[in-house]
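My questions will all concern the structure given below.
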Amino acid sequence: MKFYRVNVEEREALGSYTLLRYRWNGPVEPGQFVMARTAGYPITLDPFLARPFSFYDHDGGVASFLFEVRGRGTALLDAASSIEVTAPLGKRFRIELGLGRAALLGGGIGVAPLKILGRHLDAMGVPHDVFLGFADAAASVVAKDFPGAEVATMDGAVGTRGTVLNASGALTNYGAIYSCGPNSMLAAVKLAAGKNSLCQLSVEERMGCGNGSCNGCVVPVHGGYVRSCIEGPVFDAEVLAW
Amino acid sequence: MVVRVQETGVDLEVELFGIPLRTPLIPASGTLSKEALDEVEGVYGAMLPKTTTPVARVGNPPPRVAETPAGMVNSIGLQNPGVERFLQDLEVFDLGIPLFVSVAGDTVAEFASLCEILSGVERISAVELNLSCPNVECGGLAFCAGASSVEELVVACRSIVGNKPILAKLTNEGVVENARAAEAAGADGLTVINTLPALTIDARTRKVLVRGGLSGPAIKPVALRAVYDVSGVVDVPVVGSGGVASGTDVAEFMLAGATAVQVGTTSFVRDPQEILAEFTAYLKESGLGASQLTGAVRSPDPGVPVPRPKPVHKSSRH
Amino acid sequence: MVVRVQETGVDLEVELFGIPLRTPLIPASGTLSKEALDEVEGVYGAMLPKTTTPVARVGNPPPRVAETPAGMVNSIGLQNPGVERFLQDLEVFDLGIPLFVSVAGDTVAEFASLCEILSGVERISAVELNLSCPNVECGGLAFCAGASSVEELVVACRSIVGNKPILAKLTNEGVVENARAAEAAGADGLTVINTLPALTIDARTRKVLVRGGLSGPAIKPVALRAVYDVSGVVDVPVVGSGGVASGTDVAEFMLAGATAVQVGTTSFVRDPQEILAEFTAYLKESGLGASQLTGAVRSPDPGVPVPRPKPVHKSSRH
Amino acid sequence: MKFYRVNVEEREALGSYTLLRYRWNGPVEPGQFVMARTAGYPITLDPFLARPFSFYDHDGGVASFLFEVRGRGTALLDAASSIEVTAPLGKRFRIELGLGRAALLGGGIGVAPLKILGRHLDAMGVPHDVFLGFADAAASVVAKDFPGAEVATMDGAVGTRGTVLNASGALTNYGAIYSCGPNSMLAAVKLAAGKNSLCQLSVEERMGCGNGSCNGCVVPVHGGYVRSCIEGPVFDAEVLAW
């Protein structure tokens, strides 16, 4: 896998999350992700693997991802001035015109790809509502970057008390549903979406390579498993055997 | 390859059981997908796709991979579309270099039937037997759990694969004995080693995360030992595998006795082009051709030391 | 130890074959010298000095150690002053905690004679048999190269060591079979695992640098697998060893099935006090006592996940 | 082994070598060494082991070591702003009064401990000559920090052409000889020193721990091996079985 060394242009603290910007000129599609790590010599052994992050946005040659510090990899990314990234990877959210209103549902750090997706929907004139669910107020800080979004927090500190589905209510009136968050939430969204709308889910599975080589990042589909880094991370809900 | 020598002034070519390889690097089976092929142009001396089995395997449920210190544990379960489909798609793996194919089955008969099928495919230059997979006829012990089982399997495959060379890929446990057995049974070369049995635990959830095979830089010293020991007792060529992460590592495996070297896990985190470039630089500094390295640590006169390369890291004085 | 529990509100005590250990940590044999003892006050639940042999051994010529990815290879050659001198100096290793002694010999008779000598030393609480050393009566194969050899050795030691518990320390190769054999032969516990056979090469000089045993974080997943597999088939307690580098690692080994855990190589690069502090914090967050961890990954209900600890690394925004 | 995190106070480029200073208040004796590495999280896995360095000097609460970048460990030390060090380790050079003039012979990076040793000899009123051998001019830059020292370079670019022993000439007139450098040089110094003077050599062997625990760093003595981190790194020449 080829990595490119880039300088961190800006790092913004957004409550529990960090928004990291770096210069990237190539195309970035909503739903795509990047493997990122701190720069090594020539590779880092600790952590050894790079980490996958959805693109948060890409604007004027600057790409960004939003992340939560969970372990060693993200802690280092939260401090480094120079990082290494792959080219954008994976399948994008598919946008279809003429389906009517779209609902975007993000859970926790899974709100990340909804930013760039929302911009693309706007550009293509697709009306949409955004629903964001967080654990608590600190995690919900990023919501300020989603004007008009409905927010829910598990502890009720901000917005509706409960999950993102408590904020959204029924989804059956939407022609397209896009969602990213913990797999358990995606399963709930799939159920709530029913079968009549386009329902695209961005899944999260542990990755080895990010370029299809290791077969590590699979998700269950009817009849077997497929790699989420190549066939995903965005899947049509009905494809997933959840 | 002549072009490459002229370009760099360095002779990267090696010969593996009579097959010239333009570089001694081979992708380790199961670590290079067709989607990533365009990244590796010019790096490898032979192509080696993921192990194929008689019928499709869905593989194991996730999580399948877990990071470990300087390595990772995987439990893929040989997910693959089966040999028929594999051969239909074989063309994408044809990069104009020798094409090796890795096979595995549940029984000796399955291995043999795969060898028979492949024997008829002209484009395939050699067959690697993945002996780490469980032998269902022996209570699920791996084929390389014992020398007699290795011998039986290699004999069966050897007799049916025609004139294609066979590489027997061994695990670390019992590797010297198994290497002798494989050679005696007619293997043309040995790939040493596969992943080490390992396990990871998530202390937060108090659950097993992945039970599988350890690969990556962590296992390099174990693999080097196996290559060194095996190449000391067999006459057939040894292909090194396990933790290769740099051009120096390639040299170390060859010095230890390998004729060619597989790059696996590290290709997930590094552009293999860099590994070839480093190896080329090493050869240039040492004034040797790649093939001269094989087994050179056993030479009583190892020659002039290679000058210490200037460190990449630049000092930031303050 | 009662003091400790009151101090931290955490119960660190475990019981190993009836011996209470105030913490589950034990120094791995050969990795803690008398000169370093004052650094480890309060860390360990039992003391375990370097393996002793019937007569002094000078050990191997240097170089004896080489760094590897997340680990090191050593070839010390059991340098030690012999059992007589060892017992004269034993006092310095008496930190008021149970004292375990590791023994090795060239033959079963040598092991047995060591056990006989130690059986008369009241201060010694248990004996660890270092089965990784070569058996000169079996062409230099290690004592743990086969289950029958393990059994013979443990039987001989068991009968002569009196009422002191015996820990049989096994290498990774064949560990499950050997564990069964050792238990059947009367071992009271098993230490799992010793270093992995390994080799390092210096590509600059084109020479073997060190041929010896790999230890350190690199081998942790291999050791965890061995602990998990062994503790699944024996009833005697398992002591984990291999790559323990943090308090989380201690927890992982115990969750996998270990009753106590040895810290070896990492103590060269880290203050073991930190490891104990991290382990204590883990217990605090999980709300469990140390002894409740043993084998908990096998429990059908592993309980509430431990909250993710806040990362140490502080963000430097810019 | 206990490590202390210290800030790099200053890093000075001296030709091929780097002089690194950090604050250290405890005592430091000439000939002692330190295990050093870049700060980790909580340990570094790459490199995994710390590296031994002789003290160059210790003055007013600031300790220093002089090093040559050889591999990964020294490359990182050459760039880090925060490092981790042990307390001073090992046996010091023994200074005996009344032996007459002392000769200090350093080879390459082995000149390092002669700086602090020279200061101690001065303080105790022991007259001494300093001889320094280097590969080339770039390595010899540090000689400027040893006023009055005789310099030799292998390529003859600076001072006498040849080894440090070409610069010093016969050593038999000295009452005490102190040396540090490659082991092959130390063996030559031992030979040249003869048996009538105090001859103390600081040896260099690969180390695992630095605190006596691993038995890795041994040197041959009559009747076996001893650990250079505990019984050394400074040995009386006659002890060494070279």
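Which chain is which? They are A, B, C and D, in the order written, and residues in each are numbered from 1.
FYI, a contact is a pair of C-beta atoms (placed from the backbone, for glycine too) under 8 Å apart; a residue touches a chain by one contact, two chains touch by 3 or more.
Source: prediction; values computed, not measured.
Shared contacts of subunit C and subunit D, meaning chains that touch the two of them, come down to A, B.
With steps allowed only between chains in touch, the distance from subunit A over to subunit C comes to 1.
The greatest centre-to-centre gap from subunit D, using C-alpha centroids, is found for A.
Contact count check for A-B and B-D (C-beta pairs in contact): higher for A-B. A straight line joining the Cα centres of subunit A and subunit B is 35 Å long. Subunit A and subunit D, compared by their mean Cα positions, are separated by 54 Å. Centre-to-centre, using mean CA coordinates, subunit B is 44 Å away from subunit D. Separating the CA-averaged centres of subunit B and subunit C is a span of 33 Å.
Residue positions of subunit A touching 2 or more other chains, listed in rising order: 41, 45-46, 72, 75-76.
Within subunit B, contacts with two or more other chains are made by residues 68-71, 216-217, 245, 308, 312-313. Taken chain by chain, the contacts link every pair, so each chain touches all the others. Those residues of subunit B lying in contact with subunit A across their complex are 30-36, 39, 50, 56, 58-59, 61-72, 74, 76, 79, 216-217, 245-246, 265-271, 273-274, 312-313.
Taken in their complex, subunit A has these residues touching subunit B: 1-3, 37, 41-43, 45-50, 205-220, 223-225, 230. The touching residues of subunit B, counted against subunit C in their complex, run 68-71, 73, 173-174, 196-201, 203-208, 211, 214, 216-222, 224-225, 228, 243, 245, 248, 251-252, 255-256, 282, 286, 293, 296-297, 299, 302-303, 305-308. Those residues of subunit A that touch subunit C in the shared complex are 8, 10-13, 18, 45-46, 69-72, 74-76, 78-79, 81. Subunit A contributes residues 41, 44-46, 72, 75-76 to its touches with subunit D in the complex.
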